[in-house]
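See below for the structure under consideration.
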Amino acid sequence: MKQVSTRMSKVRDYRAVVLSNRAIDDMVFLMELFLPDFDVPVIPGQFVMIQIDESYDPFLRRPYSIFECENATMKILLKVVGRGSEIISRKTENDKINILGPLGTGFTDDEKRYPVLVAGGMGIVPLWFLATRMKQKGMDFSLVFGELTASTLGEEIGKTFQEKVLFVTDDGTRGAKATVSDALPSIVDSISHEIISIYSCGPSRMMQKVIAFGEKSDIPVFVSLEARMACGIGVCLGCSVQRKGADGFVTVCKKGPVFKSDKVVF
Amino acid sequence: MKLDLSTKIGTVLFKNPVLAASGTSGYGAILNDIFDVSQLGGIITKSITVKPRKGNPPPRIIETSCGMLNSIGLENRGIQYFLDENLPRLKTFKTNVIASIAGNSDEEYAMLAETLNKQVDAIEVNISCPNVKEGGMSFGQELHSTRKVVETVKAVSSIPIIVKLTPNVTRIEDFAKVCEESGADAISLVNTYKGLSIDIRSRRSNIGAFTGGLSGPAIKPLALYAVWKTAKTVGIPVIGCGGVMNYVDAIEFFMAGASFIEIGSATFREPDASLKILRGIKQFLEDENICCLNDIKGVIHEC
Amino acid sequence: MKLDLSTKIGTVLFKNPVLAASGTSGYGAILNDIFDVSQLGGIITKSITVKPRKGNPPPRIIETSCGMLNSIGLENRGIQYFLDENLPRLKTFKTNVIASIAGNSDEEYAMLAETLNKQVDAIEVNISCPNVKEGGMSFGQELHSTRKVVETVKAVSSIPIIVKLTPNVTRIEDFAKVCEESGADAISLVNTYKGLSIDIRSRRSNIGAFTGGLSGPAIKPLALYAVWKTAKTVGIPVIGCGGVMNYVDAIEFFMAGASFIEIGSATFREPDASLKILRGIKQFLEDENICCLNDIKGVIHEC
Amino acid sequence: MKQVSTRMSKVRDYRAVVLSNRAIDDMVFLMELFLPDFDVPVIPGQFVMIQIDESYDPFLRRPYSIFECENATMKILLKVVGRGSEIISRKTENDKINILGPLGTGFTDDEKRYPVLVAGGMGIVPLWFLATRMKQKGMDFSLVFGELTASTLGEEIGKTFQEKVLFVTDDGTRGAKATVSDALPSIVDSISHEIISIYSCGPSRMMQKVIAFGEKSDIPVFVSLEARMACGIGVCLGCSVQRKGADGFVTVCKKGPVFKSDKVVF
């Protein structure tokens, strides 16, 4: 697998039509969108900025990772956590919606290393997309998925990626009863590959622990970060996180959201 | 009827009155990947300082009702980086380049203005940033320090000087007057309003640097009032800014007396908002059979 | 755990910190037909003047993004009518009555305060109305005139005096300080922000009196900042006002240092907004195991 | 017919459910609402304040006359003229909506006089309600309805009130080709009643002409006014109109919206 360019594809504000939108878990919605004019390549890890609606309240767009994208059809997996996501979650078939994207860097894969994908909760979104692409290419990989309790989402992940998935749940309802970060060392031990890379997305605390493990074990870790965003394209400098080992900041929307773990502190 | 949207500041001609506001448009290049920025009347850069500034700790923004607070803290790589890396690209766009400058002292403003003189089409002197500990807004909250900065900058500049005012004062028009007296070629207003937002669960400010500046449609009625008051007070061109989201807002600002408008936060909802607004202005003028902006500039009167 | 929401201004006890703001609640009676106003901490009357005032020409209001402009112009029937017709009914409610007063001169403020002394539980001195030609906000935009009004009113009053400040100044905390020095028992802020809205078709202001005052959620971040600054500066109770729409907003104001809140425009979206907010505050305190407002008052700190 | 009390019924903010909403003309919607807790008497001419939705943009409620009301079912006839009405017009079955009312004074009828109802365009709403009530009571009346061009709404009015209706249209597509105010004198002449009262609602210019005619002909005129409103209940003093013959103002929401024509200037 060769180095894929992460140069940003042509960004546009696309007019999308909702094809379908269904709740797959409590407060989690899978939305399928049709973007008639969309024909640019998309890299797993990239995201879009969704305009909530015409009203200026809420004012800003909301960032969502691309869950799947095939030609002009894009899928978004959305969890309701506040007002904006709640309004988006109520969109139904034929509703129109403005989608700015594709934005940010994606995951850069390194063909010499075995990929271990580590997702916590909704952090699965960009990794699902990455795993889908790897599966399409016939690549081998492992996907660790941790969540509080067994959900339909987890079930879907199992069905789709089969034996590649390793489950952990906080309450033990599926897979090991553990947190992702606690289970990671033994999981990695059990993987029969020497040279691996970790691709991770999930709660900050989880990713920090994954990074700590990576550093200790000399495994490169790529994380996908979240930050409050205004523009999503790098012009407002609102989404900055601290650079690692340097006194300064870097934008999550433009230089990220995927970073090599030695580049940022969060 | 031929629509003429051109306007001047000093001797510099702008092909139309729509400017991309400072700090919301980067240095033009990113926006140009999305739409043709050469169609705008001008691009105002993110404020430039003498030395690189890393800016304020995150979180730097928080949404509020019909607006947002920001506290970026003038993050930029300093004047030298700007000249080397941003300006060459900016100059390739067929539109006026306005460099926004921010200093900690009169000397810094002078140094920035002198360095940029003739390198750009005009300078916007930011004496209104609410998000820095030293300098910034404090220059724009005292008449004497405003006067001093403007005089200092004028002394070293041969290109038009725009002074960007803070609305966090009792009578903004007094500051505009002082700028005009000190030789400013235009006034732009408003920068953001000082504001606060609290996360009641964590009992902390939603902004890393604690306070921020409010922008967006929430402030439009206040900005429009400030522009109207200012345009009545000074003879130099007034650049209206604050919550301009669409062409209707733009026309309101012209009718209140503005000669130009700046598009700020609207760019976050739609990256090509400024272009859409420009088109809307043209359409409105055509529909209403108005041939130039002067015909509507300041048409509203207190009765 | 027993929740205690009571707070004092001077020696006067308020059973809870939720007050109905001046000009948005009439004289209590109309709201009482919709909900039991006796549950509130207090009701602040529409501002009362010496002589009847007919108010400003319509249109008097216009919606803006997340807010509204109003220019009522202190319409009221004067102090005598208030005493004869409104006060008797107001007194039947089991809540504190705060009379808001507005004068054209120090003498008028004195006359109003003297007449109302001991007839009501407290007086709110409105030196911040942006919608009258004489008096109003101008008293609240100069430190010396603010001082004069407060001293004059204090000289004739034995009940608590609250001074309501305008945010249309450079440093509102300076005005609060002057009020405290002059004997004010509490500060309330903010009154509305001066604003303008234009109808681009008719080329006229959307407000009959031309300009208006902005209220509603749009101004909340600005009001919250003003309250925080003021609460850090003075020792007397601060009453927060400006865009409080729900209990979260209310708690933000308490955390910024307010001892009370006033509910204004929220009443227009929901006539019983103040009661709902009071209930929300109670619920929040219970859920978070907080026994009294003092435990959260001003808890946030700049870091 | 005896003097009906116009004292305000108990005002509440009612939670309503949309039963149906359909476009009956271009931009005109008939919405049927169910207000489970509503059981107060309503007088034709009264109105409600409709909350647009949860967003603070648009910020204020919008006033709408009651079109029909039977027990807990209320009908609203709404024309889309701006953002607020547009959003309300998009509500569909089962949507929830907050309705503050019933508000304001209604039409006071005078049993000694023959009622002539004069409506222009959407001004029909309170008069439709008034006419419905009169019809229910078996009273006789005339209804003059003027509009720009023949609409479905006009057709409905014809079907419902039959021979009682006199149509005028600006373009002559139904009834006389005239404006309401121009046609009014001859219409009144043709009515075989000596002592009449006029009840009118429509564009300001129209009502002013109706009032002028009433004054000239010694016919009492009652008009239902519109004004921008914030509270709708009389606490903000935002909706005032000039008092007639006195230097002062009167609230449209509380003292009106129905006024005897000698009380107000607008």
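All chains are identified by letter, namely A, B, C and D, in their written order; residue positions are counted from 1 within each chain.
The definition used in the following text is that contacts are C-beta pairs under 8 Å (C-beta built on N, C-alpha and C of every residue); 3 or more make two chains touch, one makes a residue touch a chain.
From a predicted model like this one, the values you see are computed outputs, not experimental measurements.
Each step here moves to a touching chain, and the least such steps from subunit B to subunit D number 1. The pair with more inter-chain C-beta contacts, choosing from A-C and A-B, is A-B. Centroids built from CA atoms put subunit C at 48 Å from subunit A. Subunit C and subunit D have Cα centroids lying 36 Å from one another. Chain geometry summary: the mean Cα position of subunit A and that of subunit D are 55 Å apart. Counting partner chains per residue, subunit C has residues 64-67, 216-217 touching two or more of them. Multi-chain contact residues, meaning those touching two or more other chains, occur in subunit D at positions 56-58. The touch graph of the protein chains shown is complete. Touching subunit B in their complex are the following residues of subunit C: 64-67, 69, 141, 168-170, 193-198, 200, 203-205, 210-212, 214, 216-222, 224-225, 228, 243, 248, 251-252, 255-256, 284, 296, 299-300, 302-303. Subunit A meets subunit C in the complex at residues 56-57.
Subunit B contributes residues 23-26, 30-31, 33-34, 46, 54-55, 57-68, 70, 72, 75, 216-217, 245, 265, 267-272 to its touches with subunit A in the complex.
Residues 8, 10-13, 51, 56-61, 98, 100, 227-242, 247-249, 254 of subunit D touch subunit C in their complex. The touching residues of subunit C, counted against subunit A in their complex, run 65-66, 217.
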